[in-house]
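Next up: the structures, one after another.
In what comes next, chain A is part of two complexes: it sits with chain B in the first one and with chain C in the second one.
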Partner chain A sequence: MIISAHTKKTKRQEQIAKGFIWFFVIFTIIILAWIVLYVLFRGFYFRNEVNYDVNDMKEQQIILNEDVEPVVFIVHPGVRLDDLTMQELRTIYTKARKEKWGPYTQQDLRVETFVLPPGTAFTDTVNGFIEGPEEINKFATTAADPQSMIGKVSSTRGAIGYIPASAAEDIGKKVKIASIRRISAVVHPSVKEIVNNVQMQELTPEQLEDIFRGEIENWREVGGIDLPVRPILPPKSLPYSVIHEKILPDGFIPEEVRQTDTLEEFCEAIKTTPGAVGLCFYNNIIETGEGLHIEEIRRVESGMNLTIHYLIEAPARSGAWGGISTIIINTFFLILFTLLFSTPIGVLGAIYLVEYARQGRLVKILRLGTETLAGIPSIVFGLFGSIFFVNMLGLGIGFISATLTVTMMILPTIIRTTEEALKAVPISFREGSLALGATKLQTIARVVIPAASPGILTGIILAVGRTVGETAVLIYTLGSNYELVRGPSSSARVLSLHLYNMFAEAISFDRTFATGAILIFIVLLVNYSTTKMIGRMNRMAGK
Partner chain B sequence: MKSKRFEKVIESTFLIFASVSVLSVIFITFFIVSEGLPLFKYIGFFDFLLSSDWKPTADPPSFGILAFIVGSFWVTFGALLMAVPVGLAVGIFMAEMSTPKSARIIRSGVELLAGIPSVIYGLFGFFFIAPIIRGLFGSPTGLGILTAAIVLAIMVLPTIINITESSLRAVPQDLKEGSLALGATHWQTIVHTIVPAARSGIIAGIVLGIGRAVGETMAVLMVAGNSPIMPKGPLSHVRTLTMNIVTDLKYAGVGSLHETSLFTTGIILFIFIMITSLTVQVYLKRSIEKEM
Partner chain C sequence: MEKNETKLKIKVDNLDLYYGDFQALKEVDMDIEENKVTALIGPSGCGKSTFIRTLNRMNDLIDDVTITGNITYDGTDIYGGYDVIELRKKIGMVFQKPNPFPMSVYDNVAYGPKTHGIKNKAQLDEIVERSLRGAALWEEIKDRLHKPALGISGGQQQRLCIARVLAVEPDVVLMDEPTSALDPISTSRIEDLIDDLKKNYTIVIVTHNMQQAGRISDSTSFFFEGVVIETGPTEEIFFNPRNKKTEDYISGRFG
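Entry: the complex of A and B
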């Protein structure tokens, strides 16, 4: 066989062209997979860098001084808390209004504070520790002794209290121990000087450790100015020994690190040594270390984003706290009522178009109407809904206005799919039924609709998918109340609206993605069931 | 006789249900137009359309939407520029080059792409595409025409793919066989016979995609930057017609001229959509007639 040069060239060009097509196909699939996986990943997993004024060293048993027992802070097991910073602990105990756990655990739960009766050395020391410069607030309940403290904390939702370490040995799972973080880093102002528009960023706990192990010798190494690092440790006496144990576990202090003998000497050394950095307890710095600059420490926080709690708790503070349970229920109600209106209209309308109408001008106009309705953007539906249902009919921004507007919007989806399904039913079915003496209506109800039901169901599922995804139409018809919908004129929020509102108000991007992941799940479910339905339909048609 | 009357009643009931969508279109058109038209009592038609000065709350207010029309145009144009080649390629692949099984897999993927809510696309654009644009071109936020066009391109892809595929499949088999019998290769048949035969359908798909892109609100709202100024380049922040409605309706006083002007913006949007919608009807009809 002779292959001319020309054919060869054509062949190569064809291969290149087909290669491009393959490339675009793979490209499309990758984009799709990437969008889905990206939203799901960020919905499930969060990772943030948060700055604190304390290090991430956690203490369960907190040694306050040589004379009293260490103290343990306990919380009700329902409080999803790992650790509190010293400052947070103080805020909780001293704030004039009752705090909520929201800022620390995203729970919409009141903080119930408990204290032990004053008068003993232990209680007075601990109270002094948690009061700081302020007073313990008037809401704190006094428990008679450590045992009753455990009892009360375990039986009061949102409770926090404290007990001596000896009483904490047999608490079991009745209460949870809250670790406290109280070790702050202080630096000489020279360290934070701005040179050439660059200022040192917050340190990480690892960098801080390296500094005290003598591994970082110049501030340049951590993004600061060219200045030798001068690490200074607080006295080695009992409470401070925690710092030594945690930062230098083998007990060896490198020679670059200066060991001070009293707290006063420590503070003085930090203030007078350029490039100095020291570790000390937050409360000591606040109380005795006047003029010291606390250097913020950056902690990486990561974990599960979309938890079961997020699904079952009611939202609070515009979605910043709590979960999305009411929003899921609202979404469900919107779907239900929209289908209640749109399914009969759509299905019966399609039956008219396929079974009754003579193909002529009327049907053409009706079809054109459906096609045009399908093309109208959702914001135009929103405009119409807000002027017609909300204002003119006086239904107000709320559930019923939204339901009616969305009904209009998803009608074409249902009509089109039902039409296709009805057309796919073989004419012989109808003829058989009519020949047996059934009326037209009986034929439709008993023969045609059952045969077309998978197709009709597909249309309904597609309509559900559209309802779940719509946002623009709902902004001015459904409003933004995130509580449970109470009646036809109650404003509400559905998942997509909640996602948009949290995004626009910059409430929490992690929570925005968690809501997005749920939306993706619903879309996947819709897609899966329509594929199954169409498969079943094809099998039926094949038989 | 009684049952005959009953059937007649049923038929007319069904007819009422069937006309709901036409009535909806008429209602929507009527209300948007009657709410929006009164603006022209105060402002000239061309002042509204050809000025880019949008200061609805200033004294005296000015309502010029040229910047938004231009914004909608650039965003849509950019999206189509990216989506059409990809969409055509995937459509051709599904109709002509793939096995039925892989076509089925791609089809359910495309359906998934079509089913993803627009707020998710917006989220993806804001957190994934915008940082890339920011890194590549050094624009301060990464939001703007280019980002919005990329997001929209992904969103209109399913529309273009679906209609391209179905119109390619609708091309009669004998045309294809004729071309192959004349010695044309498979590729030559696709390029010179099948695609030209399916041209009307493909154009309908592209026009439908334009309609989708012009009408899209939430995704562009999240990624386009939303400044009511004339866009200066592909990285410039932009506001489209839909964004203007959804942004300003939040604070426009009820019954104010500002609110009216948003309905007038709605009329312009509506006219765009009607034109695309009717074009699609015409082209689809043409492609069906060709089949006959």
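Entry: the complex of A and C
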């Protein structure tokens, strides 16, 4: 078989062209997948590094001193709380106004504090622990005994209280135990000095552990200055046993770790030893360890970002707390009402243009007009809506102005796609119907529109897509109220607008991404169901 | 003598038709007799399709059409006194390409009656069955009445279109090259069907296929450049043409 030179050349060209096409296809797919997967990943999973004054060691049963039994803090099961730092606990109990759980759990839920009646050694010790230098505020409710405390906490939304460890054995699922974090790392001031433009930044819990195992011997190894590490263990008395237990679970203590017997001795040792580091309870340091430097600990917090709670709770504090339920509902309302206005007008307009209008110059101008409008940036529509509907018609910033403006915006899209769909219906369908003695209206209603409906539906879906993703128009016409839309003139917020606001106001990246993921899902859902619907329509028609 | 016995169904008198400035039909005269098959033959672009479409006023759909002359159906001028909807009910049409609507077989046949106000389910069922039987399709399709019409074969689709026309109980059935898109077997079934339909309907058929015209028609008209060159009983046209052009066309010398 002889292949001519020309054939070889053409074949080579085809190979090269194929290569290019494949390259661009793969490039496009990678970019698309990367964007979508990145947003979805950030939407579902969050990972933040947060600095705390305390280590991430949690205690469920808190030993306060040798004389009273350990205390357990309990919360209502509806409070999505895992652990609290000691400072947070004290704030909750002592702040002059009623706190909300928002800063700790992002729930828009009031904190209901409970205490046991004073007078017993246990209660006095615990109350002293939670009030610190302040006093327990007037909002705290007193429960008669541990059993009624469990009852009250389990029946009051947002409740927090405490019980002796012995009473905590049979609480079951009625209440949830909140762990407390109260172990701080203290260092000698020399550790934090700036030498040659180097200063030690916060430590991670793992680094702290390594220090007490003797694996880190110089502060240089954790980003600090050239200074030997001098670990000092807390006193051996009972409350501190938990630190010994947690920092060195196997009981191995390297020789260079210095042991102390009392709190005073511990503080003194830290103060006088350059390069010293030790672990102690936060309150002890605040009260007796004057002049000691509390080293911040960097904790990695990660988990599910987009939870069911985020979907079903109403937003609060500009979206920083709560969820996005009202915003999702607002979005669907906007879509619904926009379609209610735009679909009849658009479809009927297109029917007129295709079926009735004389195909002359006027129709050409109309067609050019709709095409131009379909391509105009939405911010221009926003400007128009804000001047015309909001100001000139005096509708104000609110739902009706936004609906009308978005209707204006998507109308050209619906008209154009419907026109194309109607034009694509073979003329033979119309002839067949007319030849049977049907009128023009009957022909359009019973043959042309059903045959064109997949195309018309596609146009409507494109319009829904634009509505869901629309932001620029809505900034000027819908406002930014994140509550449920109450009436035509009520300001509201939809998902895209919520995303924009949360990002612009730097409220929370995690929640912005979660909202973005929801947007992606809505678009995905709409597209999927439309594809299904169009497929079914086509099957019914036998295509 | 025989001619006097048959009744005249449609009479075309001095028909001129213009598309804008272009004259597509020139002084056409034609008599279409009841319960006969009239075939219109002629080369492409000769005006036979245009002519057949004037008979049920399908040319009304096109802008810029001017029609002069007279067409009477049962003695009434169809461009004068006759309502176009009533006319199209009486004079049905089957098109070149099968054009069933994108709905079920049943709905296709019931479309006409429904459009004309019949809502009774039992009555519709009866019409659908009768029409499909009339179009020799019932036995093949009775189990698939609710399947999409676009899913059946081309020949069946065309017979469905005939059934759809029969469902509105017409008087005249116009057929514009009904078999040109079909295979020989489907074609022969449609031809048999036309032979059957002749008993109850007057049929006008446009065809490119000379043998077909010869097989099925009672009278034939030869169109050329918008003019009816010759018209007469089929045998005469085929075996004893008076005009040279007719003879040339029929013997395949042009067209």
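By our rule, the second predicted complex is superposed on the first by the 506 of 543 C-alpha atoms of A that agree within 3 Å, B and C clash if a C-alpha of one lies under 4 Å from a C-alpha of the other, contacts with A are read in each partner's own complex, and residues count from 1 in each chain.
Simple rule for what comes next: a contact is a pair of C-beta atoms (placed from the backbone, for glycine too) under 8 Å apart; a residue touches a chain by one contact, two chains touch by 3 or more.
Just so we're clear, the structure is a prediction, and the values are computed from it rather than from any experiment.
Of the two partner chains, neither chain B nor chain C is touched by A:155.
Of the two partner chains, chain B and chain C are each touched by A:439. A count of residues in chain A touched by chain B and by chain C gives the higher number to B. Of the two partner chains, chain C is the only one that A:450 touches; chain B does not reach it.
Of the two partner chains placed by the overlay, only chain C lies in contact with A:429; chain B stays clear of it. Applying the stated touch rule to the two superposed structures, the overlap between the chain B and chain C interfaces on chain A comprises residues 439.
Here chain A touches chain B in the complex through residues 10-11, 14, 17-18, 20-25, 27-29, 31-32, 35-36, 38-39, 42, 344-346, 348-353, 356-357, 365-366, 368-373, 375-384, 386-388, 391-392, 408, 411-412, 415, 439-441, 465, 468-472, 475-476, 496, 499-500, 503, 509, 512-513, 516, 519-520, 523-524, 526-527, 530-531, going by the rule given at the top.
Note for the complex: chain C touches chain A at residues 56, 58, 61, 63, 85-89, 92-93, 95, 97, 99-103, 111-112, 115-116, 147-151, 161, 164-165, 168.
The part of chain A that touches chain C in the complex is made up of residues 358, 426, 428-439, 442, 446-447, 450-451, 539-543.
Of all the residues in chain B, the ones that touch chain A in their complex are 3, 6-7, 10-11, 13-15, 17-25, 27-28, 31-32, 35, 85-86, 89-90, 92-93, 97, 106, 108-113, 115-124, 126-128, 154, 157, 161, 185, 187-188, 191, 208, 211, 214-218, 222, 242, 245-246, 249, 254, 262-263, 266, 269-270, 273-274, 276-277, 280-281.
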